[in-house]
Each structure stands twice: as structure tokens, then as C-alpha cells.
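Look for chain A in each of the two complexes below; its partner is chain B in the first and chain C in the second.
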Partner chain A sequence: MSIELINVSKKFGSFVAVDNVSFSINRGELLALLGPSGSGKTTILRIIAGLERADSGSVILEGRDVTKEDPRDRGIGFVFQHYALFRHMTVFENVAFGLRVKPRKVRPSESEIRKRVMDLLALVQLDFLANHYPMQLSGGQRQRVALARALAIQPSILLLDEPFGSLDARVRKELRRWLRKLHDEIHVTSVFVTHDQEEALEVSDRVVIMNQGRIEQIGSPEEVYFSPKTPFVFQFLGDVNLFHARELSNGEIVFLPDDARGVEKRVFVRPNQISIALNLSEENPIPATIQYINTAGPMVKIELSDIKGNPLLAFISIEEFQELNLKKNMNVFLGIKSHHSFDSPPNF
Partner chain B sequence: MRLKRFLVLCFHLLLIIVAMCFLLLFLVIPLFVVFFNAFSQGISIYAGNITRKETIESILLTLKILLIVLPLNTVFGIACAWYITRYTFRGKKLLLTFLDLPFTVSPVVAGTIFVLLFSVNGLLGEIVEKWNFQIIFAFPGMVLATLFVTFPFVARELIPIMEEQGQEMEEAGRMLGASTWQILLKITLPNIRWALFYGMVLCSARCVGEFGAVSVVSGHIRGKTITVPLEVEILYNEYNLIGAFCVASLLCIIGIISLIFRKWIEKRDPLHLYMKTYKYGD
Partner chain C sequence: MRILNKKTVLPGYGLSLGITWLYLSLIVLLPLSTLYIKVFSGSLNDFISAVFSLRAIKAYQVTFGLSFVSACINSFFGFLVAWVIVRYKIPFKGFWDALIDLPFALPTAVAGISLTWLYGPRGWIGSFLEANGYKVVFTPIGITIAMIFVSFPFAVRTIEPVLRDLDPEVEESARCLGASRMKIFLKIIFPTIFPSILTGFTLSFARAMGEYGSVIFIAGNQPLKTEIAPLLIVMRLEEYDYHGSASIAVFLLTVSFLLLLCLNFIQFWNKRYSGIT
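Up next is the complex of A and B:
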């Protein structure tokens, strides 16, 4: 089912949580709402669900305006951040809940409920825990019970609020691949909220990046990563170096700090787009000093400072690192392989 | 070093002795005196005192009041706790303060307020007279006074526990299609049942033992508006000390049973246990 938000705004007291947001989600899509805490992403999710009412604007599900509709009539499955499992019920009863509260006319028979619940538990690979209580499960297991419970009512839309937020790093990675696979199998329109850019870029079809209640950019993971529209997006999606470079009248950008030609321009460079050389050259014109080296991981992380003392970050391969034989406090020269700049004045 | 340890030990002993003396003086001895005096003339006299017509009448009246007040205050407590913990609204703090009013205001004042309101010369006296429905110095007044004195107990037990649980479970139920009624019965109540029961025990204990407010509105009409605590007072004023102690022993037994109930509930409530370990555990 498609979802459309039109000019949605929401205030809590004087705090503007969502500020005139419009976007649409295609049928069968897996969409990530990405942003720092307080950016309004959870509020948007709750407005779609009907748990929160927008101050203005409307929510359209498959062409039907549901802005004023009760959440129970929307046919939406919701997975809460802290799972919100019914702790006085077994796993089985948790999943069966949505079927049992249906009006008698449409309620499936006991044997049907049993079959449907066990099928769902098998889908999330937890059928052996049917008679356990939530308290007895691990975080990852609770998460999957919550998912099975949300799927039990055969929702046309699945909303997940920070689905992996309270899990440890390893379980988290496993579960998000599993969620991607599950989505490819059942193809229900899904929206999940996250503050983890890696998670959003890895799992989703499209990403909505939010900041201070507004949308910064919408696009596929590749689009937002490789062609960010705003400085915020660029900064939020990975480590970043800020250079005060100068733009010449012919459009060329020079990084030399003491060059007085052209006009000043702020330029963003990812750490892996910085090259390091031992000698000054045309490609490597920027002098810097190595402050700290961290070799643990697939790339070597090097912290440097330029002449003015501004901190810089560069990632280089281990081979390159060994070849250059870099040490702490060494003076080196940096080159910029590619950079990004924004026309609108960055306001941070 | 040894002297220091000795002094610390002495200090601990002193504290324990003070606490013990206090307990002995204000709890054990009075309780003992009540039961000792009640049974001082033998079991048959005790039984005779308990089964006297006036005593039975007072017990029945107290039970009648309890049967009306407890359900009303239970429903009120649940509704009040639900409203306070599930909604944000203007004047929430004020409402919480009002909820404590019966704890802070002397019961005698509460009783007097009802007298001033509903007596013939009172503010609402005209209406009362028009409908020919006596409230003061009659059963309805006593129910009202008891209601007022005991209304915070259930709500006060439920509010912290419902605050702690949050409303995620209820929201989950709503998203799964449950009606408000189904959410209340299948999600909210099962999760607060022990706290609710606890609040009801406290409410009952206070309801049975209430003296001040009820005393003011009752008018002390023998066989009509005398509850168990009032009966104790009357017997005492008539210099029937043994009788007074016999009836008082009933109240003591009810109090002790409530205490045992309370301990039992605390043991059964997993959340309570959790909060305990959370507070005092390692």
C-alpha cells in the first residue's frame, strides 16, 4: 500500500517536531527515516500509525485520507522501539492477540489462529519458544516476536521504530540482513526509523534524511551518499573534513591556505578522498602534521592537523600506509582526490 | 582500634534498643492490652460481647458501607490513575494535589464539610429537603464521608506503577486492533492487578477503621448509624471497658489480616520485587 504525507506539521508545546513535511512511499518499498535524535522521524512514524495526530496536513493511505481515522482501522503493523511485548502473555498469546481481539464475525477459529501464529513464529524462527514469556527471551528474540505479532494482523503497512536500537552490534547486523531478506519475501510496504546511517544505507530501498523536523533529502542510498544535496546530509552520512578553500574566477578550487586569489569557499572532503605524500607536489600541496594513527580495521585512520591547527581525518589503505612508513608527528603533504561544495551558504 | 569498634557496636546496640522499645511501647503493648482485656473474662464473655445485637448491627453497617465504598473507589482509582498517567492536560499537578487532600485534611474537617453542605441549614440543604432524602445523620452521609476519606488509596497505588510501565503496551494493543475496553481488560488490568489489589486492601482497611469523619456525620443513632469504631467509642463511654476491648479486638484482627495480605501481595508481585532489587540490589 502506498503512503502519502502532505504538509504534515506537529508541535509539542513550543517545540516543532515536524515542520511541513511532504513525501510519499511507494507500494512494497522499504523506506528508512534517518536523522539525529529530535529530528522528528519517530513523530512522523507515529503520525502515519495514528498514534499521534498531526496539527495540520494529511496522511493518505492508498488514496484514502486517514488523517482522522483511528489507528485500529488503518491496518498498520507497528514494531515499537522497546518491543512493547505483553509481558503477562506467552510468546504465542502475544502473536495471537491481534487475531483474538477481532470482532466475532471476522475472528478466525481457534485452530486457524493456532496455525497462523505457529506459521508466523516459524517465519521468525522462534516456534520453539511459543510457550515462553517475553522476560525469558533475549533482545533479538523479543524483537522478532514483536515483528511476528505485528505481521499477524496481515498489515498492508509495516512501521518499525528504531527496530535494532537496543540490540548489541553483532545481533543488530544479523537482524537487519534478516529483515531485508524477510521484506524481499513478504513485500509489505515498510518504513523504519533509525539514527544509524549505516543501517539505513544498507537495508533500505530509499532513505529520507531528516533534520530539525524537516526533510533534507530523499533518495536511494547511492544518491544520498554520492550526491548529497545539503551540507547536513554530507556530514550525517559519514566522516567529513571541512576546508576553507578558495574558488578562482575560472571555477578552479585551490586549497593553499596562504593563497589570496578568488573568493573563500567551504569545501567538504571525505577522509578516504584524501591522499598523503611525503613530499610537496602539485597533487599534494597541503602541509599537515600527523597527530594520531589507528591501524585497527580495514583502513588506517590518520588524524592530522593543518598549519592553523584545524583537525583533519584521512583513511588510507594498509599497503599505502606501510609503503609511506608514516609515524606520529611526521610532516606530510595532503592531496584532495575529490571534494564537494554547496552553493547555498552552509549554516552550521 | 578495638575501642573504636566497641563504640560502633555500642552505637548499633543503642539504635536497636531504641527501635525495639518504641515498637514495644506503641505497638506490642497496646495490642496485648486489647486482646488481654478482651479475653480477661473468658471466651464466653468475649463471644457474648461480639454477638450482642448492637455489635452485630455495627458490623453489618460497616460491611454495607464497605460494599458500596470499595467498588466505587476501585473504579474511581483506576479511572483517575488512567487519566493522570495516560493523558497530559492542564492542571494535572493540581489534580494530584487534590488527590492527597484526604491524607492531609483531618477527617473531622471532612465530616464537618459534609454536615455544612447537606444539613437542613446547609448550602445544599434546600435541595435535600425538597427531595426528602436525608443525608446527614443517616447512611448516605456515612458512605459519602467514607468515600471521601478513602478515595486516594487505589489511585495512589496505581499511579506510580502505571507511570513506570508507560503506555507502549497499550499502544501496541491499539495498533493490533483492540478497542479501549479490550485494552483495559486484556492489557492494562492484568499488568496492574497486584497493585490494584494492594490498593483495595488499604482502602478496605481504612474504610472499616474510619472514625473521625463518620463520627461527625453519623449522629450516633443506636442501631442505625453506628459503625464498628463508633460502637467501640460508645461502649467505652458507657464504662463497658470489656465490651469496648472485645469490639476493638475485631478491628485489630482486621488490621493484622490486612498487613498479612499486604506482605503476601508484595511477595507475589514480580514488578514490586523488581523495583526492590533495582533499588537495594548490587
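Up next is the complex of A and C:
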């Protein structure tokens, strides 16, 4: 076990940023802390790094209690969202900084520093920019310099705070795949914070989903996506439709709006689990009206409203869309291919 | 005049450029060039004898030397004050903040009189210093104090915004990389704000060099000892030696211009990293 957080809490004034959080990170793992802004994920990262002191609880690093240790003694690599590069130093000097500030006794020789820095710059594919200043680099390049700089001190853990947050969409996707590849090469235990669920699900080995300072669920991307434990997780990981369906005494769920049998139950359905048909049938019992059609993209996105006027969202394939010849304001019938419900849904 | 015909998105380019040129010429260029024309229409010998008389040379030494000393002191304490104002929560911050700007607004004669009283033989500080054998008024120390007083705001106000803009994440990342507070200051903070310290130094140096009103009260104005160069210009004028006073003025002007140029070159060199070179 590489990092362990035990009952960590942190308040800023009266705002509870982190509320009694415990989890552990395995050695060599790439873990994502996922949540909306204000959910406490960055605060947790800063507590691990020592940049923030927890009000209570402890942080165990490689079996050592570092709760009260200064960040400079923890040996943690930290990559900031806005790079935080030293702009008066060249790329080379930025990466060399962590080695140069070591106490004289443990500081590597000049030739060793040179070699290590150039190796790292080669690893992040920026060796040709060693003598440039940060202002002369693009956002993606700066972020890779920041990564090389954090890796220079051979940290036991690498922490990344929204590492791709200020990059444009294309560079972002490129860089996160590259990060995944890099992690598979060097296997340094890494935690990265993100509010982008796609990023978290694509890159990480495990995901910690946070909401209002608490952990909602921890698990592999498949686990959290296919078996969400709370409505929050289900909603956060993708678009969702909420149905007020009814559960019959035999456990069967019916979606008919005017059915009065059984008890009411909130049911969640992903847009790609809705089927559309032109005629009423047993599979497609729910009447709805098409409000808006967006065909740009791999799936056709269709916005509908049910007879009570509640908005619904369905994704269907382009072939299906063409076959049905759907048009705006058409009346159609929806079917539910699969759904998800929670036994005791909290209020939201 | 291709520059005037260039198309720009902003309207009124030609007009505003013309006004800017005319205004700057009237306000800055014309008075300065008149001075040069006046001096160099006279004889070179007269110029040299006026500029390099013993009394003039001593006056330059007093002016440049003490301006330099006061600019150094101001840069140090200006940095300190800016640091405290930006970084710490101090009681009555608004009051202290406003106090810094006071020398900007105060008529310099007022400053001169109050400083002379304060440091004079019967003043609060002066009487105490006198008893311990130190004399401030009518000595170079007094001149330096007056110069420090009038140029202090420049040092603080140029450093302060840069210090405020320092990204806390930059310091945090240095901390995570294992740097001690001392090393963070020396290797990260100081190099970042050094250009602004230099700017503050330059402004405060230039201000001190040109200071007249407050210094003449406290200086005593003994020729060869505590006489500043601007005062010498006035002296020459009172003796109806217009050419002599203009000569000294031209010399002062040229030297200060060269000094500013030097400092600007250092600035330029220092900003090499801030953009594409």
C-alpha cells in the first residue's frame, strides 16, 4: 500500500471541504479523483502533498505517518493545473530545480544532473526544447515540462491536479492517452484530480468519485460505470433520464404514465438504452414527442418530451435514425432496454 | 508616411498620433532641446569651465552619490514594506497603505521644514542624536534622509503589484520539489521581482537626483560640502550666469539620461525570458 488516508477531514471556515474520508492507493496504481467542483478532490490532493493541513485524520505514506510533515520532506511530485513553471528559468533548469536544491551531501554531481534532466526531457519528448523558456512553449508542452520537473526528484507518488484542465479538447485527449502510456512505462503511483468523467474512466485503474466532501464510490472504471452505487454516481458518469415508473408487487417495473398499480419508483435510464418506434407495442409503450434532433456525431441525439412535458434524451444509431425517418414534432413510442434503480434514493 | 496610411481597426489613428507627437514635443522635447541649443551656441571653454569647476564637481558628487545611497536604502526597505503589505495580515492596513503615498502628495517644502525640525538640534530625534554625538541636519546624512523621504513611494509601488501577482502555486511547487524557504526566496521569488526592484531603484534614484525643495532646507548648502547640483543651478542663475547654469543643467540632464539608459538595458536583458527572443 502506497498511500493511506484515514478519517481525513478539512474545513475552510464553515465550509466542509473534506468530510471524514478514508481510502488507500496501491503501489503503481493510477487513481482518479473524480467529482464536481467543490467536492473536495483538490483539497484531498493538497492534503496528501502537505500543502494543506488536515483538521483531523492522518495520511500514511509508504507506512510512514506524514500527517505533520512539511511538503519538502515528503518526496511527492505535484503537477499543477496551471503548470506553475519557473518562468525565469529555461526548461532544463526547471527540471533540474528539484535536484539543485537538494542538500549538498545528497545532491548529484553536475554531470549526473545533466544526464537525468536530459533523460526526463527525452521521456516527455521535449529534449529539443531544453534551452527554451516556458513562455515560448505551448500549453501541452508546458504541462509535460511540469511533469518532467515533478518526476526529477524520483517521487514515491505523483499527484496531478486537473493536469489537462487548461488545455484545449484535442491536446487534452492526446495528452491523457500519452499519460496513460507513460504510466505503463514508469509505474509511479499516481493520483490525478479531474471533473471530466470521460477522462477519469479512460485513463485510470481505479476511480474515486467524490461529492460534497465525501466519497460516493470507489472502483474500477467498469465497476463505477456499470454498477453505480448511488444515484449521484449514475448521474455524474453520463447523461441520464429519470422516470417515475411504478413497481408492481411481483417486482415488475412498468413505465406507463397513467398506470396506477403498484408503488412509485424512480428509475434511471441512459439515453442509449432507450429505443424509439413509430407504433405502440409492448416493447415501446411510452408515448413521446420529438423536440430536437442533432445528427452531428457518432450517435444521433434526440430530445423528446413525454406527455407530461418532462424532457427525455435518447441516443440512437444513424442507421436506425434513417430507417425510422424521424422528424421534429413527430409522435413516437419509447421503450426501455435496460434501467437502473436504487433502493433508497436520497433526495435530489 | 507609410505609417499614417496603414489601415488599423481603431478610428482616429492619424489624429491621435499627431496629438501625441505634438504634445510630447511641446511638453518634453522642446524645453530640453532649447537647453541644449542655448548651451552649445556659447563657447566650449565656458561650458567646460562651468561644468567642471571644483564646486560643480563636488555638487555632482553630493547629488549622484547620495541619490544612489538613498535609492539603495529605498529599494531594500521598499521591498520589505511591499512584502509585509502584500503577504501579511496587519492591523490598519489601509492606513499604512495610504501613508506610503503621502510623500507623493506632500509639497516638498513642507517635507523639508518638518524634517529639518525633527532632526534639528532641538527636534525629537535630532536632540537625541546630538546628545550621542551625531549630527544630521546640514550634513550629507540629512540630505540622504530628505531624498529617502521623497522617493520612498516609488520603490514600494513598483514592487508591490509584482509581488501580489506572484503565483502561490509556483512557490508550492518549489516546496514540493524540496526547496527550503530560503532557497525559494533566493531562486524563485527574488529573480521574479528583481526587474521591479530595479525599476523602483531607477525611479527613486531619478526622483532623489532631481529633488530640490525638501533638500535645501536640511542640507545647509555649504559649497563643496552639502551643496546639491540643482541648487548650484539656481545659484548661478542668481549670479546672472545664465550660460553657466544652463551648462550644469545640460550636464545633469545628460548624465541622468545615460544612467536611465543603462538601467533600461539591464531591464531589457532581464526580461529576455518573458517572451519570444
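In this section, the second predicted complex is superposed on the first by the 347 of 348 C-alpha atoms of A that agree within 3 Å, B and C clash if a C-alpha of one lies under 4 Å from a C-alpha of the other, contacts with A are read in each partner's own complex, and residues count from 1 in each chain.
Operating definition for what follows: a contact is a pair of C-beta atoms (placed from the backbone, for glycine too) under 8 Å apart; a residue touches a chain by one contact, two chains touch by 3 or more.
Just so it is clear, the model here is predicted, and its values are computed rather than measured.
Q: Assess the superposed three-chain arrangement around chain A: do chain B and chain C clash, or do they fit?
A: These partners clash in the superposed model.
Q: Quick check on the superposed pair: does A:97 touch chain B, chain C, both, or neither? Answer first, second, both or neither.
A: It touches chain B and chain C both.
Q: Just to be sure I read the superposition right, which of the two partners does A:136 touch: chain B = first, chain C = second, or both, or neither?
A: In the superposed model, A:136 contacts chain C only, not chain B.
Q: Just chain B (first), just chain C (second), both, or neither: which does A:166 touch?
A: neither
Q: Output check: A:125 vs chain B and chain C. Expected answer is one of first, second, both, neither. What do you get?
A: neither
Q: Using the superposition on chain A described above, determine whether A:149 touches chain B (first), chain C (second), both, or neither.
A: Touch status of A:149: both partners.
Q: Does chain C touch more residues of chain A than chain B does, or is it the other way round?
A: Result: the larger residue contact count on chain A belongs to C.
Q: From the superposed pair, tell me which chain A residues show up as contacts to chain B and also as contacts to chain C.
A: On chain A, the overlap between the chain B and chain C contacts is residues 49, 51, 71-72, 76-78, 80, 82, 84-88, 97-98, 101-102, 149-150, 152-153.
Q: Taking the touch rule as given, give the residues of chain A at its contact with chain B in the complex, in rising order.
A: 49, 51, 71-72, 76-78, 80, 82, 84-88, 97-98, 101-102, 149-150, 152-153
Q: Can you list the residues on chain A that touch chain C in the complex?
A: Residues 49-51, 70-78, 80, 82, 84-90, 97-98, 101-102, 133-136, 146, 149-150, 152-153 of chain A touch chain C in their complex.
Q: Could you list, by residue number, the parts of chain C that touch chain A in their complex?
A: 167, 169-170, 172-180, 183, 187-188, 191-192, 272-276
Q: Tell me, which parts of chain B touch chain A in their complex?
A: Interface residues on the chain B side: 168-169, 171-179, 182, 186-187, 190-191.
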